[in-house]
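Each in structure tokens, the structures are laid out below.
The same chain A turns up in both complexes below, where it pairs with chain B and then with chain C.
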Partner chain A sequence: MEQNYNTRRSFLKSLGVTLGVAGLGVSSGVLTSCSKVSSVSPEGKIRLLTPGGTLVEVDASQLTPAEMPSLTDNQKRGRLGMEGKSWVMVIDLSKCRNARQCMAACQNHHQLRPEQHHINVLQMQDAEHTAPYYMPKPCMHCDNPPCTKVCPVNATFKRADGIVLIDNERCIGCRFCIAACPYSARVFNWFEPRDAEKYEGVTYNIEANVPQKKGTISKCLFSADLLRDGKLPSCVSACPNSVYWFGDRNEDAVTNGTTKETVSFSKLIRDNGAYTLMEELGTKPRVYYLPPKNRTFPFEGELIEKGHQG
Partner chain B sequence: MRKFFFLSAAVLFLLPGLQGFSQVWEVPADQDALKNPSAFNNENVKAGRELYNTHCKSCHGDPGKNNALPLVPPPPDVTSEQMLQNSEGALFYKITTGRVAMPAFETTLTEEQRWRIVSFMKSFDPANEGLLVKEEPVKARLQGAADETAKVLTLSAQTLNASGEWMPLPHADLFISAKRTFGSLAIGQAKTNGSGHAEFKFPEEFKGDWEGLVDLRVTLGEDFSCDPLVMNRLKIAAPADTENLFADRVLWSTNDRTQWWLILAYLGVVGGVWLVIGYVIFQILKIYKAGKE
Partner chain C sequence: MNEIKSPEESRKSLDRIFRDLTRSITHRDEMSRFWLFILVMFAIVGVWGFIIQIQRGLGVTGMRDYVSWGAYIANFVFFVAVSLIGFLISSTLHLLKIEWSKPISRVAEQVAIAAVAMAGLIIVMDMGRPDRLQNVFLHGRFASPILWDLTVVTTYLVISVLLFYLPLIPDLALLRDRLTGVPEIQKKIYTVLALGWKGNEEQYRLVTHAMRILMILIIPVGLSIHTVTSWLFASTLRAGWDTTIFGPYFVSGAFVAGTAAVVMVMFVYRLRYRLKNYFTHHHFDMMGKLLVFVCLVYLYFNINEFLVPGYKMRLHEGIHLRELFAGGYSRMFWFVQIAGLILPIFLLLFKYFRRPFPMFLISFLVLVASWFKRYVIVIPTMEHPHLPVQNVPDYFKHYAPTSNEIVILLFGFVGALIIITLLAKLFPVISIWEYAHQQGIDKKYLTEKPENQ
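Coming up: the complex of A and B.
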């Protein structure tokens, strides 16, 4: 019995050492791939490519491993949000011609299958005799979000800069939030996510919700990881028709993703008669729509026929 | 059979589309013969370039770089033969009406603006070479100070003359903008007086950060080669009313801002359950004792 116990202990010990070494190897591999080492010269100098694109030589002894946010740091940071910011989006319906570049960019960024949409371009016709139009519909990032109230495990939450996020490390896949959301903004990972094998072993980034996990919820998050880098969300910068304006309500400025023009947010929504979707529900959405007036593109979708509206 | 039907339907649906793309873009003769009513000068070409950058560049790309978006049909480069063979009237007509992926600018741009874009495009025509004498940008510099209590910017512009001396720059436009997260937001313009000085009254309602601090940039027009004047952290703007989403105890808030009724209800239920369990154990003990006696 004693003998047996010792063997198991030594086995566990050696296993721990092996795993630790393997972990070190993997992490150093990750570090080298990130700093883009191009070659090691004989004098112990290492050539590195800076983010600016210039090649520099650094003495090998001078190198320190870069600090990468761990999963818990990332989750903590992701829960707090960016201080002093209050993100808003304005969607100009008169410019949308259903190019669907926003949807493609979003699905690439957030590892979504073709049938999953964080943002979806819908064909709308408000009444029988009104003109149909295209309407991109992301998450509204409500200031009174019904979805976060129903989560039994505190996986989905609203943070200080206004973004509603989902933590798929906590999500149990009950889908209460899907039922609670009046905008149908959430999707469920019924199957293995797209390119699942490519993302194997990647640390979960809560601000991009990547890698996705089967059996959890995913939703639009205004590309919170890009915002942290000072970049516009991927749908906003992918649009070729200047549909999207994005910015900080505290600063009262929104920037167009296509033309990069910056205008006053309050003036833009005041002058163009902006509205929000289903505000009668008291959800206080953060996505504003400019009405489809003076359109630059004709509607080419299918019209709803009389009597087919169920 | 069903598959075949779908396939043929798809082919039938696609064919007219493809034909439409390959067809030459017809322009009515009267439109084709239209002449540009705006003069072909530096000012109009410059205005046209700005409009082009805002409305056309995203698809047609930078002139001469052939970096247009890969759309069907492909948007031609402004300097390409395909583009330049159009008459002024034809260009105007095409900008106005649009086709397939190209939007109709009839409602977004005024006639004047559309003609200016035509002027800009025609500036790449070899036939027009030499018509526009492009002036070398003049070297200039900007200086400025801010009166934070009176909310006034005092600016001065100087230019380098032929003998290498800095001289005051009169009657020049100064553009004042504020730094924002994703770009700079224009605040206003000022014009220098005869002695190269300008005053700019900062708008009362313009918002800075929560302290009223704002990062300003002052630039001269494109005719000057001049570093922008950067004035950081000026306490000149109105403080922004930053909203605190977690000020009230709301149902969706963070754990430490949970509503009282929810905390009390939760603790009540948990406490109640423990009380019941304790009561049951107490009763069992009592029965056990009574049995022993």
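Coming up: the complex of A and C.
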């Protein structure tokens, strides 16, 4: 089910459709991909897939070309962020069973190769005799981000809504931000990205950092494109184990990606003793962790690097 | 300065000095052609490697997401380091009125220009998108240490070229007036570059004045160039880089590498262009002492850099230091410390080893160790980030340069050698007029037309 949802969404993504229904006569490139979801019936009706996921039939004469967001508009909007929002994520480590659906959904959404992780589920052990646990690690979207400070061309930047973004139309590939990030949150496109031919000519969407580009950086963006559509980030909604809470700190509300339950953010982190990762570095992360206590399942992983846990 | 000589003596000795010091320009044989041929071949291979890298992506190197800065960056730091010798010898020692280093100034400037020019090229070759270099100028953010580095590297290159060129002008006039047996075009180049030098007091006064300004200007720039380069590392939160002594640590290490490079070039010139009377035992002796001195300073910083965190062994520092002292990088680390620092200090305390040939061998060792020193600074730190490296292929975890990467790395060395060779083939490797002046030959003889022409 999760898988279906993601495939469908990425279809729409590749069409460049964000709102409304995909239409005819946009450009030949779009038309070719359109044929994958729509077909013309003999009566002049057209079948289309709505972003909600229902298949509808529309009279061909009723169709008007959809607005394709231009690259400049995309870039401008992407740099400003969503007004009045202050996105935060809460990761409940007591729930994570290493299902890795988040990783799969993320790689699917952001067109990543199997070894590229915007979110990586790590097997952690803090000290020699402490209990090991699984720790999903996205970008921390720090409020004092070491990565954006060092960027020589302002290709990575902090938006007003808290998200740290990448502009891979501008990135020069110096990889200083990778060196600066203490959370190893950033990846680089060492070769042509996955499915490069398939996405050739597709307008770049800064809020999803797709299509990826060779020689540039990529990283977790809290699925900024989905947030704009009022949806949760891919990893959050893909999780089967209620690990992720996501929401707006200004509204003091976070929603669980699995149960869709919405609770008070401040109460959640207060009641569960939430912490941030390596707060001693002063990076002020926007991702909060709830400690891995009262787990009802065993840790089945093997610790790969003994004596090298954060 | 020697005693003032009589007119005949002056003319004769000026002729001899001119002949000796232009030998690098007039002397042409199979050997020099072969040397250039080899260099150009290697350079072509390097360019070919770079083209492949552009086409297929930076993935043709051994770098991956965790070790995302590799040997290119080590190479860059090495060349920036070597270039610093220009400012030490031709400016600092000059301003301190130290006489022995004067004939070495031009060699030091050659090395500085070659090294800093290559450093600039290497950093472009390390970029994922060299085609977007213009973004640095279009969208440059001055808060990024890369911008600072770019600024000081270009400034340093400009000042170094000027410091090479200004004291060369009187020599260019000499070459224009006296040199025979070179192609017409080369003579034309000298004529143009000599800027109509006549050799009157006013012109000398201007050159000396301008040089003095440049020599003072290059001190802050020279110090900044390597300090800022060290900040590329020190401005991050990584164990092994996150230290406050990186600036002076890098600067002192740079003098070690640069002194060694200059000694090697001096030795080759002395041999190839028969300059035994110009680069004398005394010069090598003094350079040996200089090398010991800068090595001692560098040793002091090394002790600070490793002993203090080694005493505490804080979690990540501890992992990093264990890797260096006894882990996968221990052989390289101890080679660098012993062969590149302790051994030279010990050997060069003896006069026997401060002779030209032993100095050449020791300098070679020091230079090799200096390169690996940069490697050991850059790579082990990247292999051990704060969080465990998981869910990636094994080759992401350990870095080793690929063959494609190595040919590009070699391009740096070959490029620097080509620049040095061309400079030696075009211009005297020791300032003729300054040397003549030191020998007590009056400036007026420099502008005389030689009798035998």
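Rule of thumb we're sticking to: the second predicted complex is superposed on the first by the 240 of 310 C-alpha atoms of A that agree within 3 Å, B and C clash if a C-alpha of one lies under 4 Å from a C-alpha of the other, contacts with A are read in each partner's own complex, and residues count from 1 in each chain.
Everything below uses one rule, namely that contacts are C-beta pairs under 8 Å (C-beta built on N, C-alpha and C of every residue); 3 or more make two chains touch, one makes a residue touch a chain.
The shown structure was predicted, so the numbers you read here are calculated from the model rather than taken from an experiment.
Should the pairing of chain B and chain C on chain A count as a clash or a fit in the superposition?
fit
Which partner does A:253 contact after superposing on A: first (chain B), second (chain C), both, neither?
First partner only.
Applying the touch criterion given at the start, work out whether A:144 contacts chain B, chain C, both or neither, answering first, second, both or neither.
first
Taking the superposition as given, does A:154 touch the first partner, chain B, the second, chain C, both, or neither?
Touch partners of A:154: chain B and chain C.
Have a look at where A:189 lands relative to chain B and chain C in the superposition and call it first, second, both or neither.
It touches chain C, and chain B stays clear.
Tell me the contact category for A:170 with respect to chain B and chain C: first, second, both or neither.
It touches chain C, and chain B stays clear.
With the two complexes superposed on chain A, say which partner A:275 touches: chain B (first), chain C (second), both, or neither.
neither
Once the two structures sit on chain A together, report how near the CA atoms of chain B get to those of chain C, whole Å.
When the complexes share the chain A frame, the smallest chain B-chain C C-alpha distance is 6 Å.
On chain A, what residues does chain B touch that chain C touches as well?
Residues 149, 154, which sit in both footprints.
For a test of understanding, state which residues of chain A touch chain B in their complex under the given definition.
Within the complex, chain A touches chain B at residues 79, 84-86, 95, 97, 99, 143-145, 148-149, 154, 157-158, 160, 162, 230, 232, 240-242, 246-253, 255, 258-264, 294-298.
Residues of chain B touching chain A in their complex?
It is residues 53-55, 58-59, 69, 98, 101, 103-105, 107-108, 178, 180-186, 207, 209-210, 240-246, 250-255 of chain B that touch chain A.
Touching chain A in the complex: which residues of chain C?
56-59, 63-66, 68-69, 126-130, 132-133, 135-136, 138-141, 143-147, 150, 232-233, 235-238, 319, 382, 384-393, 396
Report the residues of chain A in contact with chain C in the complex, numbered from low to high.
Chain A reaches chain C through residues 103, 115-117, 120-124, 137, 146, 149-155, 170-176, 178-180, 182-184, 186-192, 214-217, 278, 281, 283, 304-305, 307-310.
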